[in-house]
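Chain IDs A, B, C and D follow the sequence of writing; residue 1 opens each chain.
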Amino acid sequence: MAGEYIPLLVAVPLAGAFFCALAARKSGVLADTIGTLIVALVLALSIYAVVSPPSTHAVGGWPAPLGILLVMDGLASLMLLVVSLVAFLVMIYSLSYMNAYSGRWQFHTLFLLMLAGMNGVVITGDLFNLFVFLEVASLASYALVAFGTGKHELEAAFKYAVMGSLGSLLLLLGIAFLYGYTGTLNMAHMAERLGELGVAPITVAALVLLLSGFALKAAIVPFHSWLPDAHPSAPAPISAMLSGVLIKSLGVYTIARLVFNVYGASPDLLNLLLVLGAVSMGIGVILALRQWDMKRLLAYHSVSQVGYMILGFGLGSPLGILGGLFHLFNHSIFKSLLFLNSGALEQATGTRNLKEMGGLSGRMPTTSWTTLSASMSISGVPPFSGFWSKLIIVMACVEQGRWFYGAWAILVSVLTLASFLKVTKFAFLGKLGKGFENVREVPWPMRFGMVVLALLCIVGGLMLVPEVKEMVLTPAVRVLDHGILTLGEVVRL
Amino acid sequence: MARNDGEAGMTLVVKTVTRLTVGLIFLYGIYIVLNGHLSPGGGFAGGVIIALSFINLFLAFGAKKTFEIIRKDAVTALESVGAVLFLGIALLGFIDGGFFSNFLPQGELFSLVSGGAIPLSNIAICIKVGAGIFGMFLALVAFRGSEREGK
Amino acid sequence: MSLENLFSLDLFSFSPLAWLAAAFAGLFFILVVIYSLNFMKGRKGLFRYYLYTVLTLVLTLGVIFADNLLLLVILWGFLGLLLYLLIGFGRTPSTPATARKALLIVGGTDAMMLLGLALVWFLVYGPGTGLSGLAKLSFSTVTIPVAGGLSVAAFLLLASAALAKAGAMPFHTWVPDMAEDAPIPVTAYLPASLDKLLGVFFLARISLELFILDSTLGIVLMALGSITIMAAVMMAMVQHDMKRLLGYHAVSQVGYMVLGIGTGNPIGICGALFHMFNHTIYKSCLFMAAGAVEKSMNTTDLHRLGGLAKLMPLVFGAFFVASLSISGVPPFNGFASKWMIYQGIIGTAGNGWTWIIWLTAAMMGSALTLASFMKLIHAVFLGQASPHVTKIAESSRPGTPFALAAPIAVLAVLCILFGVFADRIPFGELFSPVLAGEPVFPGLWSSTSATILILAGLFLGMVVYLLGSAGKTRSVAPFIGGEDLDARPSMRVSGVDFYSTVKDVKPLGVLFDWAERKHFDCYVVGLRFADFLGGILSGLHNGLLGRYVLWCLAGVVALYLALIG
Amino acid sequence: MIHSWLPYVLCILLFCVGVYAVLSKKNLIRIILGIVIADYAVNLFLILLCWKKGGEAPILQPGAMEQVMVDPLPQALVLTSIVIGLATTAFLVAIAMRLHERYGTYDITRIRELRG
């Protein structure tokens, strides 16, 4: 039991949030300091979690089936790393970006609350506890979407909140079903009990409800319609967090846990995931191609890219899971970078409409090349990180004999490239847009965040170097590939 | 609704009844909180009741009078204080084993001083919830006010 | 895929042919840099320009020497990005669109290549082997016989990337656009030389080393090659812009190489590779000459050019040589390689009657190429000077700076050398050590003696002409219908309308019309279709919350049905 | 005799009523009410889950330690869920009020500038 540090991953950002609300109302600088320090601390903790062996922590000293068990296994530590890495860089970016908004302490409070919620979702081993943290993160994200309090922000926040609440209700109902059937909330215990009791109509119903709820949070077609409204409306750093990590920790991660570790992946279930993933990929990318609002375009790509991860999981083989998880990691990096870039462009030019931009590569060289590297990464151009994960997913499709899905992944990848070339074409190439003669490159904190993320996009393929892979990715793959967890083995961690 | 025209608040009847009951409601809230570990109730329920007493005050006497008793800033600050206290109690659990561990002696069953750190948590929750709900009420009401003034 | 592996030489193989290709790449790099010194002078971002140029060379060498398929795919994909960045140096308004189109087609086929890589990996190692197989997937150890759908698919997917890079149909449409918009040195560097080298070299490697082709796939390749030759040359004939016209020829000539590889016999493949080298020489020469014209005249519009032979004699001479070379006129190098390809096609006669079609297409293509170059030479160098040219010639004395002239001259000389001494220099010195046992320059054709005969014939004709017409020639100013042309510039024959009557032929006219409306452009058609689908989907997202919630409920029901069923 | 599953069915029906309100009502406030109804249906469901024949409230009383109690866990869950529901509702109401300020209407079908 070396898991004493696990609760800190939730407690630290929560404490930071309330300290911001308490002490940093008057001083934006203090709020920034607290926010940055807290996120840096969380990042350090997650790196520690990655390098240290898996462990658990029983909250309040109550043993597992009774109390809440926090579980830090390979998957959780990978997700934590993703979340806190992106959060840290986004936080540095926002130091300068959020100057345009009033109420810095509110931003930091909500940001840290969301971070605490996401971390909680990832580390908890208890289904209801997961629901609570999921709601904390969701509520904070609703509020962050409405942060600008403009017309569109409010509209998007309302729709997002209504649909998000509906999703949460489905989840709660599903949890109630499962609790009623198995009499436990601990996920590992639940998996054990489900194995003993066998499949019943109620377990299928619960699965459908839970899957729908998580799919809504992950914005999988047809549950995706809130995302293209909500993600563009938030301030850029928040969009980066929402698209970069929130939909993954709340949606994709939870689906993976549910399908592999609680229910155990049956062929029917995996087929369902494959179809869901493929549909999301296609519909998301086709819609993205038509967009002229840069952030909306990026948002639709999130729908499409989440499809890749689900497709990878749906293959069910170790290679497919590896591809899905690796794509999850990469997508967090490049999608948050793309949103940060859109924020930089918006701040410099005052518009998000691609038609009004143009020729900015000379004016904003850093933004230009970070955008290019992120765009190439998401489009799977070698040697950027996205290429590797797509390669693995395609290889996994081929390995399973799922030719159609492999070809589909390739087609979607080409369309992704098309829409990102549209972005770079209209924003950076060509003649300088009207009124942009005095456009300057954004200040250094924003550039710092973008450049680090861009470097991660470029060297992302190194995650596959055996030493790194063994440490970060393989344990996570093992957790999912291992199938249903049993309480015994979780407690023994 | 609260207007700054001297005759703030509702009619005399309401004011008088409120004056008589508001203290009782407040006290009842505190009772619920302190007995939270023994009987139904606890921090959340008690906090709501305490918040209701302030809401009563606000509705009957208007904003000015209420803010003489408790400032608006204090409400939002108290909310965070409650949260920090609660988190602090949870973290103090590390003294004895881990997060949320009950680090205080348990005391005698069914007496007021029992349950270790649970009553303390209840108090923290009460502060958080009471301030939170009252703050929420203020936020909604104040927004309506500003909207009308805007027009 | 560990680090040690990545940098060890196991990932590379240094075959003699690869060294030859690398030498050519280096040569073109040097020529293009010299050319750029003058051509790109005064433009912004020159540091980046030369950086990308050098990077392109490095990656090209990497691709040429790569033995590991994965390594090749990575370097290959990155080259597409560099192409995109280099096109970005163009200054025409349509440059961004062209850059996007080029990277989309090249990058899109790279994605197909990725699937091809996965298929090859699967064919070799089968399921459940994990990632480790990728690092061992090399040309020198792996051979896959083409049998069954999977291997065919794998070959076609890999080949599509090669075709797109080389600019063959159906992935050719970026080349003419790029020729028009990108700076000339970039066009001469990438689509004209390096990308051709890479594409055809890769196609040859997968056809020879990685896969064992059957005759059906060979016929598919030959058909593709023939269509490319004919369609592109027909398009070239009706172009109005010098660079665009040359761009279509860059497509058309790839057809010969694909055709040669498709024959599957040594002489055809040898001819294809030889043609690939020859093509890079004359096509770069042509583009660089066009660049020199553009530099001094500020336009490449055929209508505004004319009579430049007097002003730029050296460029004219080089252009003339390269034109004859690309048209396959003996004794220049284009003829030598085409001759081998013809023989390769005839060599496939054992596989059925189709060889007649391919041979006809190849020969017709050469004839039409010559025809279109007659148009080009007339419109640019001969004919009557346009007012635009006259104006520039009067105001300043247009010359060709050394940095522009030197590469052009070098390439023109190479055209002659490789043609006249085809059996000695390229084959004797370069190819036969490389091909080790493959047939040396074959057939009943000795290029050197043929050249002597041709020269003798020309000399004889000249003598006859001089003897017959000495003292009897009368020079008058050009006129049409008795009108003095110099006085009436509007009656000048610019050459733009040469062959425009082709469009009046009924079935061809329809095809040209469709081509103009981009019905054959996979890029445009694909985007149109995606846009159509997107329009429908986008209309569904109409902002009504109720509808969105309904979708979610429908999703719940669908999931339920899927899981109980 | 009422069937033992009837209360559960009624709960689900109530949930459907809430969802129906979200689906078909135009007024923002009614949509929020729909969410609240559905929320309480789920809470009710949780409470029903822990019911046991002859069960008492799960509170220890001096001298009656051994009585039959209902399952206390769902009650705790319901409390948490109520808190979450409260927060969500408050947030939604606040947003709805601001939306009314910006769009001048509570009609959701007229608040649809984000589309496509």
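Just so we're on the same page, a contact is a pair of C-beta atoms (placed from the backbone, for glycine too) under 8 Å apart; a residue touches a chain by one contact, two chains touch by 3 or more.
No experiment lies behind these values; they were computed from the predicted model shown.
With centres computed from CA atoms alone, A is the chain lying nearest the middle of all the protein shown.
Between the CA-based centres of chain A and chain D the separation comes to 28 Å, rounded to the whole angstrom.
Computed from the mean C-alpha positions, the centre of chain B lies at a distance of 23 Å from the centre of chain D. A separation of 78 Å divides the Cα centre of chain B from that of chain C. Centre-to-centre, using mean CA coordinates, chain A is 36 Å away from chain B.
Shared interface positions of chain D, defined as residues touching 2 or more other chains, are 19, 22, 31, 98, 111-114, 116.
Annotation for chain C: residues touching 2 or more other chains are 538, 541, 543, 545, 549.
In chain A, the positions touching at least two other chains are 158-159, 162, 166, 228-229, 290.
Touching chain pairs in this entry, ordered by label, are A-B, A-C, A-D, B-D, C-D.
The residues of chain D lying in touch with chain C in their complex are 19, 22-24, 31, 108-109, 111-116.
Residues 57, 59-60, 62, 79, 83, 86, 90, 93-94, 97-98, 101 of chain D are the ones that touch chain B when the two sit in their complex. The residues of chain C lying in touch with chain D in their complex are 538, 541-546, 549-550, 553. Across the complex, chain A meets chain C through its residues 158-159, 162-163, 166-167, 170, 201, 204-205, 207-209, 211-212, 215-216, 222-223, 225-226, 228-229, 268-269, 272, 275, 283, 286-287, 289-290, 317-319, 361-362, 376, 379-383, 387, 390-392, 394-395, 397-400, 403, 406-407, 410, 413-415, 417-418, 421-422, 424-426, 429-431, 464-466.
Across the complex, chain A meets chain D through its residues 128, 132, 135, 139, 142-143, 146, 149-152, 154-159, 161-162, 165-166, 168-169, 172-173, 176, 179-180, 185, 228-229, 233, 290-291, 296.
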